[in-house]
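Lettered A, B, C, D and E in written order, each chain numbered from 1.
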Amino acid sequence: MNAATLFGLCGAALVGLGLYGLVTNPEPLRKILAFNLLGSGVFLVFGVVAKRAAASGLGGDPVPQAMVITAIVVAFAATAMAIALVLRLLQETGRSTLSSDTSAATDTAGADS
Amino acid sequence: MPDANLLPDATTTDGVFLVLAIVLPAAGVLLSFVLGGRYAERIALVLLPSGFILATIILVDVWQSGHRLVYIVGDWKPPLGIALRADGLSAAMMVVMAIVFCAVAIFAYADFGTRAGSAEARAPFAFWILLMAIWGAMNLIFLGGDLFTLYVALELLTFAAVPLVCLDGRAETLQAALRYLIFALLGSILYLVGTALLYGSYATLDIVLLSRQIRAEPATLVAAALMTIGLFAKTALFPLHLWLPPAHAGAPAAASAVLSAVVVKGSFFLVVRLWFDVMPGMLGGAGAQLFGALGAAAIIFGSVVALQQQRLKLLIAYSTVAQIGYLFLIFPLALDAASGQLQGSGALTGGIIQAISHATAKAAMFMAAGLIYAALGHDRIAELGGIARALPMTIFAFALGGVSLIGLPPSGGFLAKWILLEATVATGQWWWALVILAGGLFTSCYMFIVLSRAVAPSGAPLKLKTAVPKYQEAAALALALTSLLLGLVALGPIDIIEVGRPDSIMVGSR
Amino acid sequence: MRLVLDIFTVLAVSAGAFFFLAGTVGLIRFPDALTRLHALTKVDNLGLGLVVLGLLPQANGLFGALKLVTIWLLVQLSGAIVTQLIAGTVRQHGPRE
Amino acid sequence: MTILSIFDIGLVVLILAVGAASIGMREAFSAVIGFVVYGLLLSIAWVRLSAVDVALTEAAIGGGMTGMLMLGAVARLRFAKGNDSRTSLPVRLAAGILCALVAAGLAIAVLSPPEVIPTLAPMAMENLPQSGLGNPVAGVLFVYRALDTLLEKVVLILALLGVWSLAPDRMWGGIPGLRVYAQPNSKLTFLAQLLPPVGIVVAVYMCWVGAKEPGGAFQGGTVLAAMWLLVMIAGLTSVPSISQRWLRLLLVAGPMIFLAIGIAGMVLANAFLAYPAGYAKPLIVAVEVALTLSIGVALGLLAAGPPERVQRP
Amino acid sequence: MASFLFAAAGFVLTTIALGLLVILRRRAEVDHMMAAQLLGTGGVAILLLLAAATEAPPIVDVALLLALFAAFAAVAFVRSASGSEHEVQDTASGR
């Protein structure tokens, strides 16, 4: 097993781990954290793809590396927006949950399920 | 292996319009952001109609030439660079979406217009910029020829759509927006990991180049599965629809119209691109039946829940869940049993017509619901009595939209369902015909409930909270009429959608 | 000459690595938070200093060496201040659980 | 088995352990700290994957900026009523199986690479001299796939608009609600005076070196953002109100210049986002400088949050 | 020389791992805040060793950023841990 494959498996495990956290953890902030973990696992897969394709004196293929940089910045922007939403929700309701039954609102949000 | 001269990658004569379709919205967003205040609205009101003209030019070009338009960005050909391509599919979608955008802009002028001399306000500033951003993102989704560019487009769409949900800042809309954001982010990250795997196997993400090399091997199959799940989550296909109803029902009317009519179609379009263009032979019978089953479940579930709703906007939102289901019936119906390939004619045409007629009809219905809400101060279906007398044009628009959703002739919905039914007969899959017909029945039920309430006389004399501007009603009616008349394209060049389909090129070249 | 420099590198880096170990042992053994904090920063900074010192002969050119020293200074200074900040928080609130 | 592969295995185990800890921790504060550590460790992993550009980005954004954002949120949520309902065991089991499936699928995909690994690296290197750049990643970002890079800047602006749009109506045009120290704290002030000059030098260096070696606008911009935030948190400068014209100009300057050069390429070169022969490098450097500033301001404001105070007259 | 430097990097990594194990198992927040310090020094040392071992000078820049951002993260830790009396009060914004 070479280094690329090792980190690839690490990426796969992180994706699983992040997904688990995202699905099971009820707190929005922890969901956001899990999303970031999931994202970094995905980025590692890109890194492995790049490393595997090392050629012509380069340590890796620059194309997937550049894509990861783009994606990292996008993920940060997403995190910022999600956190701003969580904090605003806290201001409005005094709590931060995603489940609609605990919400103070009864009109629109409570109608599904 | 295709020979080199088959490579379609050279900028075609009118390719520059494709760049404009992306540069104009981007420039609009940036300029509005820096100029602020009334400029955001002015720029949007100039750019959105020019977007319609642009889309029409592209459509006419594609139609007349019979080929797709191509633009090679930066003069770097794929796989290293990025190509923009417009085929019949994208041109048709672009034009209809541009119509919806124009109507929404007119409609929204009443709610988000800024009076001369007043300071920059939050909601209008955000709304107009986000509207232009959605327009640009949709254009990029229709034209992008590279799976990673399409990822950026998906993110553009997410970041433009989520703030629209909670534009009025109520707690429940904030919650809906947060849930929407989490679903959307999960969707795009799953899509992204798929692109990573595909790049790892083929060292290109260009749709045309990929479609020539794609092989059914583990990495590709895992990539396709993850990308599809991600896109399903963003399209709100049952059972990943939970975010949609509160988000679409809670947003301001103009925003709901855009979200329901336009935004969910973006990720659906990518599902089509992925399976019909990148890997037409990969889905297989079982996969196609699964997609169809999810679609059928969405139709039945969405309709049944819509029937139980007490509030108009939620009813319309659940109806969106159901109508999205129809879009996924095309997969079992388009699968050619002999070759195992998804065919880019027949059912796909029906699906695209369903997408665009739903877009126009649903936008009209959300606008109408918004007007009813504004006039009554509520949207409880049980208390709609007398509204048809007070706002006849609005109710008429709502009813026409419903006609298209049910699928009565001559509406676009009728044409779409007719083509799909034809395909069920042609492929001998009668069970999908049952679903289509049952869906139409359910739709007529909930439309009947709403309309019968609306035309019922009110007990007390109806007092409207605000006067509804005529041009808002006209915008809704125009969209509803578009949806109604879309069925008439059956008399005209319906095969425009098939222009530039890769399978038709491949067939021609063999 | 090269050999002498290499031996120097080996010695200094080994010593630095030892200090990192010592820092961790301190982290495990010391009873209260403030002493642990103290041990960790002081000893680790010393370890990093020795590593940097050892790597100086291997650095490419004056600029490279300068960069190494800058990094060490940066870690040193910010580490000291941050330790103070953490300690200040502990003094105000206690080691919150 | 070489020393190197033992190092890699150790690193992977550590990353997974810290990642699992940050998911499993009970306290949000500790979880976020675990995440910061995880981000810093991950940048070492990127170095091992020979992706130094990404390692720089990960160290700056993954560890530093994201951690700072989340810690700010933790501090505010600390006294909020959370929900005590934990997900039930069957649901967690089902989710666990699902996630294990996804991870296994990915692992299979990773373990079955194509026989001949396809790569664009030679093609990217071959064409790089035309742009005058030495860093292939910068080449991809600003030459071959410039469209993605340009649009991603628009994504940043949209995200910022999204954050701002969460403000209550009457706060529009006000000052972002970044938590800052009210009382001057001498040690923090000292750090906030000491670190930013170093940071600015580093940012300039990153931006300058990015044309030929790893680095560039993203990394430089993130350093700028962090230093700006540090100075604001310490109370050395005030947080600007979002209606400031200069602020908006700075935010869009980078993408605007990029877009303008791209459009000029339609006339002066062959295509949109193509550079005229011989002028590629100076134009790209100009774009990178403008982008560094724009990214710095955008990331800083994203972390500062929506306006929460009205501007004092 | 390279393998010695790798071994040294591995050794430092081990000490960091041990340290993290101890830190993250304790309950007090102050212990957790030390984690960034640990990475700030140890991570920088590892990166510098790797840079010398693989003769890739750009890795030194990663160490530079790591040092910078570890300090930044630590400030964020402290800001988050310190109570509300230190901050400018959030404006009483409601509906």
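Heads up, the rule we're going with is that a residue touches a chain if its C-beta (ideal position, glycine included) is under 8 Å from a C-beta of that chain, and two chains touch if they have at least 3 such contacts.
Quick caveat: nothing in here was measured; it's all calculated off a predicted structure.
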Shared touching partners of subunit A and subunit E are D
Those chains that touch subunit E and also touch subunit C are D
Leading the contact tally is the pair A-D
In terms of mean CA position, the chain most removed from subunit C is B
So the chain most remote from subunit E by C-alpha centre is B
Taking each chain's centre as the mean of its CA atoms, subunit D sits from subunit E at a distance in Å of 17
The distance between the C-alpha centres of subunit A and subunit C, rounded to whole Å, is 33
Expressed in whole Å, how far the mean CA point of subunit A lies from that of subunit B is 26
Among all residues of subunit C, those touching at least two other chains are 70, 74, 78, 81-82, 85, 88
Residue numbers in subunit A touching two or more further chains are 15, 32, 45, 48, 52-53, 61, 63, 67, 70, 74, 77-78, 81, 85-86, 88, 92, 97
By the touch definition above, subunit E meets two or more other chains at residues 16, 29, 33, 36, 64, 68, 70-71, 75, 77-78, 81, 93, 95
Note: in the complex, subunit B contacts subunit D through residues 11, 16, 19, 22-23, 26-27, 29-31, 33-34, 36, 71-76, 79-82, 119-123, 125-126, 129-130, 133, 136, 140, 148-149, 152-153, 155-156, 159-160, 162-163, 166-167, 169, 174, 193, 197, 200-204, 217-219, 222-223, 225-226
Residue set of subunit C touching subunit E in the complex reads 6, 9-10, 13-14, 16-17, 20-21, 23-24, 27-28, 33-34, 36-37, 40-41, 44-45, 47-48, 51-52, 55, 58-60, 64, 67-68, 70-71, 74-75, 78-79, 81-83, 85-86, 88-90, 92-93, 95-97
Subunit D contacts subunit A in the complex at 4-5, 8-9, 12, 15-16, 19-20, 22-23, 28, 31-32, 35, 38-39, 42, 45-46, 48-51, 53-54, 57-58, 61-62, 65-66, 69-70, 72-74, 76-77, 80-83, 85-87, 91-92, 95-96, 98-100, 102-104, 106-107, 110-111, 113, 117-122, 124-125, 136-137, 139-141, 144-145, 148-149, 152, 155-156, 159-160, 162-163, 166, 218, 295, 299, 302-303, 305-306
Residue set of subunit E touching subunit D in the complex reads 3, 6-7, 9-10, 13-14, 16-17, 20-21, 24, 29, 32-33, 35-36, 39, 43, 46-47, 50, 56, 58-59, 61-62, 64-66, 68-73, 75-81, 86-88, 90-91, 93, 95
Interface with subunit E, subunit D side, in the complex: residues 2-4, 6-7, 10-11, 13-14, 17-18, 21, 25, 29-30, 32-34, 36-37, 40-41, 43-44, 47-48, 52, 55-56, 59-60, 63-65, 67-68, 71-72, 74-76, 168, 171, 177, 179-183, 185, 188, 191, 195, 198-199, 202, 206, 209, 213-215, 219, 223, 226, 229-230, 233, 308-310
